[in-house]
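Chain naming follows the written order as A, B, C, D and E, and within any one chain the residues start at number 1.
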Amino acid sequence: MADLVFWIVVGVTIVSAAMVVQSKQLLYSAIALLFTFVGVTGLYIFLWADFIAGVQVVVYVGGILVLIIFGIMLTNKITSVNISHTSVQRGIGATVVLGILAGIGFMIINTPWYQVAATEPEQTTETIGRLLMMDYLLPFEVASLLLLGALIGATTLSRKED
Amino acid sequence: MITGNIITDFCLLILFLPVVAFAINIFIGKRLPRQGDWVSVGAILITLVLSLSMLMNMFMNWDPNFSHEVQFSWIDLGAFKIELGFWVDNITIVMLVVVALISSMTHIFSLEYMKGDIRYSRYYAYLGLFTFSMNGIVLANNLISMYIFWELVGVSSYLLIGHWFEKNSAANAATKAFLTNRVGDIGFFIGIMLMFTAIGSFNFQDLFSGISQGMISGQLLTLAGVGIFLGAVGKSAQFPLHIWLPDAMEGPTPVSALMHAATMVAAGVYLTVRLFPLFSPEALLIIAYVGGFTALFAATIAVTQNDIKKVLAYSTVSQLGYMILAVGVGNYVAAFFHLLTHAMFKACLFFGSGSVIHAMHHSLHELNDQDTDPQDMRNMGGFKSKLPITYWTMTIATLTIAGVPFFSGFLSKDAILAGTLAFAKHYPQHFLLPLFGFGAAAITAFYMFRLIFMTFHGEVKMPKVFKGIHESPRAMTFPLILLSSLGFFIFYTLPYFNPFSDHGWFTELIQASDSVVKGNPTAEEIYEGIHHAHYPAMALSLLVASFGIGMSILMYMKKKLSADIWAAKMGFLYKLSLNKYFFDENYNRFLYQPVLKLSQAIAFVDWDLYDKYFINGFGRVTKWLSFLTGRIDYEGLDQKLVDGVGRTAQGFGNQLKNVQTGRLQNYMLFALAGVIVIIVMQTI
Amino acid sequence: MDSLTNYLFVSASLFCLGLYGVITRRNAVAVLMGVELILNSANINFVAFARFSGMNMAGHVYALFVIVLAAAEAAVALAIIINIFNNFKTINVDDVSQLRQ
Amino acid sequence: MSNLNSLSYFWPELILTGTVLVAIVADLFYRKEDSFKVAWWVLGGLTLTMAAIRMGGSAVTDLFMGTIALDPFAEFFKVLILLSTVLVILISFKTDELKNYSVGEYFSILAIMAFGLFLMASAIDILMVYLSIEIVSIMSFFLAGYLKKSQLSNEAALKYVLYGAFSSGIMLFGFSILFGLTGSTKFFEIRQALAGLENGANLALIISAVFILAGFGYKISAVPFHFWTPDVYEGSPTTITAYLSIAPKAAGFAMLIRFFNQVMGDGTAMINDSWSALGGLPWPQLMGVLAVATMSLGNLVAIQQNSVKRMLAYSSIAHAGYMMMGLPVMSNQGIYGIMMYLVMYLFMNLGAFFVVIYIQGKTGGESYEDFNGLGWTMPFIGVVMALFMFALTGLPPTAGFIGKFYLFAAVIEAGPQFYWLAFFGALNSVISLYYYVRVVKHMYLRGERSDDVSMPSSNLVTVLLVFLAVPSLVLGVYWEPVANWINQSLVLLSSGM
Amino acid sequence: MNHLLSWIIWLPVIGIVAVVIIPRDKGTLIKQVSAVVTGVQLALTIYLWRIYDGSNGTFQFMESAEWIPSFNISYMLGVDGLSLPMVFLMALLGFLGVFVSWNINKAVKGYFALFLLLNTGIMGVFLSLDFFLFYVFWEVMLLPMYFLIGMWGGPQREYAAIKFFLYTLVGSVLMLIAILALYFTCGKTFDMLVLMETAPIALNGVLWWGMSAIKVIWTLLFIGFAIKVPVFPFHTWLPLAHVEAPTAVSVILAGILLKLGIYGILRINYTMLPDGVFWFAGALAVLGLINVIWGAMCALAQTDLKKLVAYSSINHMGYALLGMAAVIAGSSMGGDNLLAAQAGLNGAVFQMFNHGTISAMLFILVGVIYDRAHHRDIDGFGGLAVKMPIYSGIVALAFFAGLGLPGFSGFISEAMCFIGAFPVFRTIVIISTIGILLNAAYFLWAFQRIFFGELNEKYKDLPEINRMELFTVIPLAVITLFLGIYPRPFLDLISETMNILIDQVVSLGGLVNLM
């Protein structure tokens, strides 16, 4: 059962991701992206990463995706939702990408990955929090500066100059 | 009595007085009274006096083996040393007198002949330079200074031939003379290098002793000898480098007398005489053949020439050939003897022709005739009455050259012919050498009398011109008289008086020394041979001379035989001779033009191909590469190829195209491809 | 399902699809979506590696930061895109590339 | 070192953060016309930061639980970054491009970027690496697109952001693999784990390293990750172009060196003269090929540019290529060469860009033709520009030569197997002569002597140019102090503490 | 004076400062200052010549100071018999060059500043004993040269200038690689004196890619120097640069710059890579031969007088190459023929000096006629000897000196080169003697076309050479003549140094066959 669900999640993720990059309608791509994000969230759950799964839903689905859809809407007349967009260099692009996929696949199979069995933790949030406050305090603080900068930059860019 | 140090001083004076005169005249000559000619004349006369006093000294201290050498260190690098200096022996002294005498005569002759010339002082300056260089050759005791003065003689010849450089022919002749001489000089220089490499010295004595010790022998020695001889071929205008000498007649006639008859061209002979001991038998044979052939060959050209100076020029070549021939057969004393006598009579002949030309020139000038060639014998005739001194002196000189007894030429020529005869007797396979000699003798007699007859006898060809002909002034006739009188045998045979034998002070004081090369006959052996051949040679030479003179009389004086008909009969040969065997034309066609063409081709290759395409090609390839890289970098792979159709169908009119990124994808694709490449490279 | 390689293959597929999107899409927003796929694939890796190496939570922290930065980046990118549109919507340009003309 | 203890070593960064905040706040109080006054606050802050760095002593330790390193090596790059930031801010006073914009944010963002660059130079944790690169990138995006009304600038920003996101995505994937292989984010732990890996992991290692290299290569614009460079350089405000061509490149090199030395190398650098690559992989030759490709491409494309600014942009790729020559030899000398080159490059390249900015203001263009006869009409500018051009070419006695000299020396010292690298480097400097001298040609050989001679309009321009030109020349004649400084800075934190 | 050499090098820099300070409307003052500075420099070099001890061929008047201790770079100067003549020649031509440039009116200030800078650069190359210093000076020359050709040159000056620049830079970057290779393989020092001792030993048997390191370094250095000489096939920058450069710059180019190449080969290749000398001597001789013949043939075909003179430089440098190749005669392989080695090497150096004076003279004279007729087409003149007897006389003198006429110094040096090379490279030397003929051919033919024949009516009012021009030519002519008659003062000065050089090559080189 769990296996079935897993493969369904995987299927949803990959198929929708393929739609993201394939669809001729930009908006369809955005919607497919939603399913991808959700699928990835599912994978996180399978990986016992509850906190990350939550963040994924909130930030990606709730934030980034909305942002993207806004972007699509804002850059197009709101009335026409039917926005087609084109692709370039599909053939060669696909070749290159398949090459990379083959390489990575080969790597995945052949590499003796470092694996340690572990039991499922109660929840990950606390550990993550501790890590953030201890080992990764500096990145945590720095990230805030980054966000501040991004904020300033984004407002500067979007502000109408007079 | 003059001793060592004084001889050195004399030699220094003889050498440097003319060059001082040169310096004075070249810099301030124009501002001096009489344009400075007195400086040069004075200097050369002092030189003459000094040389004569050395000659007197030679007579007083009768010593056939007199030798005096001084030298100083010119270059000293430790191992590599060059010492320059003088080597004075009897040959040197005689040669110094010849140079000084002819040069003085030329200076005096030119006082009148060159009067009013626009570059009068420069002319005298150059004469000084020449005398200096010639004396340098005469005095040299080593190959390097020989070579140095050798070249300097070439330069003064260049300057003097080109004296009237406004005339293209003169300018051409000057350049030609220098370049042709240089061809010979290359050989000379290679010879010097061969000698030096083997022996390590340039000094003549060292060379002789080195060769006798066998430090250089066999083919190498022959090669070195031939190389050195090539220098003589150039300077003495031997076949095939004879072409410059006739052209050199573009120079003022006194110059022709001095350089292109008496001294400079004799330098080649002098060189071979000086270095005779080091020539190997093979080299000598080559020398003999070149000389013999030249003697005959030039004579055949002289026969048909109409320009009075050209006849004399070819005659000079022929006579030089004689001398070379004599050296080749080992009879180098005879060669030097002939050099001496030839200097006198040929200078006289040239001065004579100068006198004639001078007279013609004046006459034509008065008539305002620019077109008539004052040197063409066909415009002359019957001048005997108008130019008596010239006529008589030239006739004496002609008799001398023709080898008529009682004149010096008879003695010297006889000695040479005897030598060839003796040589042929010893080596019958070289029978051609005496044939060359006797043939040339016959023809010489013929054409020289032809010259006299055409110029001074017969009917007047141009009466108008004839009217204006006057005997030359004393400054010009004096040298003529002096030199022609030196054509009598007596001056060379003293203290003996036998018109049929060259035995005299000359042969006693100037004695052949043995060759240092093994295999060459000793001087004694050669002398013996000549001695035996003496009478047959004399008889034969008298025969051929009288034959030549007789033919000439018949043809040009008595007009019993028509020259034109004979010319027509000879047809092809006549044409060949008249056109000097087309040497200039063929050289031009097969040598100069190809070299010029080659040089142009090389310059073209260098500049328009190599530089333009190869060197600039680097730049071009870089630019092309840059363009190519730029294309790839800008455009990526051509999008039309990759995804052309879809783009053109849908790409335009889209609202979003402002946000479309175009080539960005290409960049990313390239980056990705790069990643793959790197991974592959790393993995393999 | 409890195999590391499964997750890695999923992530590799996502990664490649993302790459494909990035290099084929002409629309900037679509390119951005491709980038998001790539980031997600990396995150799957991080989390999966964390899970199979004895719950190494550093991976989770890393994933967390990636998500945050992705959000920031997306915001910035969209701000730029919108800015371009705002500034030039009235200008009729045939091709976007003014550069390199 | 624990977080709390680390703070006392963290003064420069703290001051810099404070500067950012002050600048942001100060900006609120200025009207648009006065917004450039923010720069003074920033400059003040940067000066304080510099002072803090100089006073910091030369401790070698890790900070904040092993996320960043404190060592003279990082300090060296921080000084370079500060110096270039200060200079760019000063130059920004004189540019016309920013005239119609409120520039308060511009300076604040520059300060944040400097902060990011600091972290890049000292990061020893792959999370920190990613984070710092992102800070720098995002700030660069803004700065590149700062001229909102300029289509070029907008495009530059767009391309930059997409390309940046793309390459950081790839890098991130690489990091994730590395994490999977080693289970850690800290450099030293990673190295230890890698050292114990089996051979079968080599492919994974290679792939992750190459993916990571894509991110670093993007920062130093190495072929084939350089494609964004020309577009962004041309579209950005010229001041930013100048900045981008120096500071992020310096930080990128610092990071690259640190990463390949401490993670991919055997980690013993700065102790021995040379180190070896991990697992005996042929990194050196690959790096050499990339270096040659980078310099050749930069040069070849620079040749055909008609705009001096674009030429400088491409040539900055070439200069990155020269600097990369120091990497493959894997020796102190190589790193020494890179550092030396960076110092020299800072002055001459900023100088060249400043002249271009100045000329843009004077003639309104940046093509070669705009430089015609400049040597005659503006003798001072002409002379310094000629100096910068010759310095960039690498002719003695200019600073550029010394930079190249040390790089070549490093390559040659590494032995004959690298001579080809030196050969190509040499060849490339000849090629570069062609286009650099072209500027000189237009300045001096074109145009005539004129009586209408003008000197720079403001003292700041003169002072700045002199400040940039004098080191460009003097360091070419006497650079012993710089050499000593680098010698002392050649100490990397080499293991976890 | 303790720092005589430094003074000689840096004096022009003082001049530059002065020139820069003088207001630009005072052109004459600038020229006068330049003249004074170079004059003082010339006086110093003459003084140096006088106090230099020729019987001791080692370096003298050495100066040494720390410069960049961290890289073992020092400021080290010294002069020996090889550099002294070149220093003197540079001072002389620098001094005369100021007067040759007297009629420069465009941007006088810049011109003289650059001219003086060039002077410093060249002096520095000749006097420096530190390899790094050497290289810096070597490159410093390029900049002023570029500007001098590019700004004051002829119609194609831009092309000529950049071509010169690129060409020589290729050479010098290769040289830099070689210098660094020497530095690292021979004990990390730039001190030439030390390298002369260590390099021949340290490089012995070192193989790079299966090839002897000596060969590699030799080749790199040689290309660098050969471009300057210029040795065929690296010569094509020269005609162009010479033709386009202003007269004074052509004078320096031909008179000094070309010598730098040979100086470098002798100073560096010969002393540090003696094994390479033996390896390369044959090729050197062949290159010399090609230079001789090729240069002469090209000169023969020229219609531009200046180009002709330029190609004649290529031709003349060929003789020096031949002479240099002769050095191997001194070894046991060459038959212990010390004679030939001495003749060749001294001849080569002497030839350098002579070509310096002679070609300088030629270029000045070409400049004279160009100033008057505004063209240099040989066939465009004719009969000028009538109008300009003094000028034509001096040209004749210069041409004769150029074609190696005895009595002029060129003859001695050419002869010495030939004599030296002959024992070892017999065939090559014999073929190259054709050059003697071609030399004469192109010079005399040109002379004839310009000065002989009927006067070209266009030039019937051509003014005679003036005093200033005469002043620039006469010292050179006097030197040429004097040394042509009595070369000992010069040869005695250099011969000891040459002996040391020969000894260095012969005793350290040729011991092993290079791979």
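Note that in this section contacts are C-beta pairs under 8 Å (C-beta built on N, C-alpha and C of every residue); 3 or more make two chains touch, one makes a residue touch a chain.
Nothing here was measured: the structure is a model prediction, and the numbers come from that model.
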item	value
Intersection of the contact lists for chain C and chain E	B, D
Of A-B and C-D, whichever chain pair has more C-beta contact pairs	C-D
Of all other chains, the one whose Cα centre sits farthest from chain E	A
Chain closest to the assembly centre - both centres taken as Cα means	E
Mean-CA-position distance for chain D and chain A (Å)	31
Whole-Å gap between the CA centroids of chain B and chain C	94
Rounded Å distance, chain B centre to chain E centre (Cα mean)	35
CA centroid of chain B to CA centroid of chain D, Å	76
Chain B, residues touching no fewer than two other chains	619, 647, 651, 656, 659-661, 664-666, 668-669, 672-673, 675, 679
Touching two or more other chains - residues of chain A	26, 75, 85-90, 93, 96-97, 100, 103-104, 113-114, 135-136, 139, 143, 146, 150, 153, 157
Two or more partner chains touched - positions in chain C	8, 15, 18-19, 22-29, 31-32, 43, 48-49, 53, 58, 61, 65, 69, 72, 76, 80-81, 83-85, 88, 93, 96-97, 100
Chain pairs that touch, as defined at the top of this document	A-B, A-C, A-D, B-C, B-D, B-E, C-D, D-E
Residues of chain B touching chain D in the complex	619, 622-623, 625-627, 629-630, 633, 659, 661, 664, 666-668, 670-671, 673-675, 678-679, 681-683
Of chain E, residues touching chain D in the complex	67-71, 106-107, 135-136, 139-140, 142-143, 146-147, 150-151, 157-158, 161-162, 165-166, 169-170, 173-174, 176-177, 180-181, 183-184, 208-209, 213, 216
Chain A residues touching chain C - in the complex, by the definition given at the top	2-3, 6-7, 10, 13-14, 17-18, 20-21, 26, 29-30, 33, 36-37, 40, 43-44, 46-49, 51-52, 55-56, 59-60, 63-64, 67-68, 70-72, 74-75, 85-90, 93-94, 96-98, 100-101, 104-105, 108-109, 113-119, 121, 124, 127-128, 131-132, 135-136, 139, 143, 146-147, 150, 153-154, 157-158, 160
Chain B - residues contacting chain C, complex	634, 647, 651-652, 656-665, 668-669, 672
Contact set on chain C toward chain B in their complex	19, 22-29, 31, 81, 84-85, 88-89, 93-97, 100
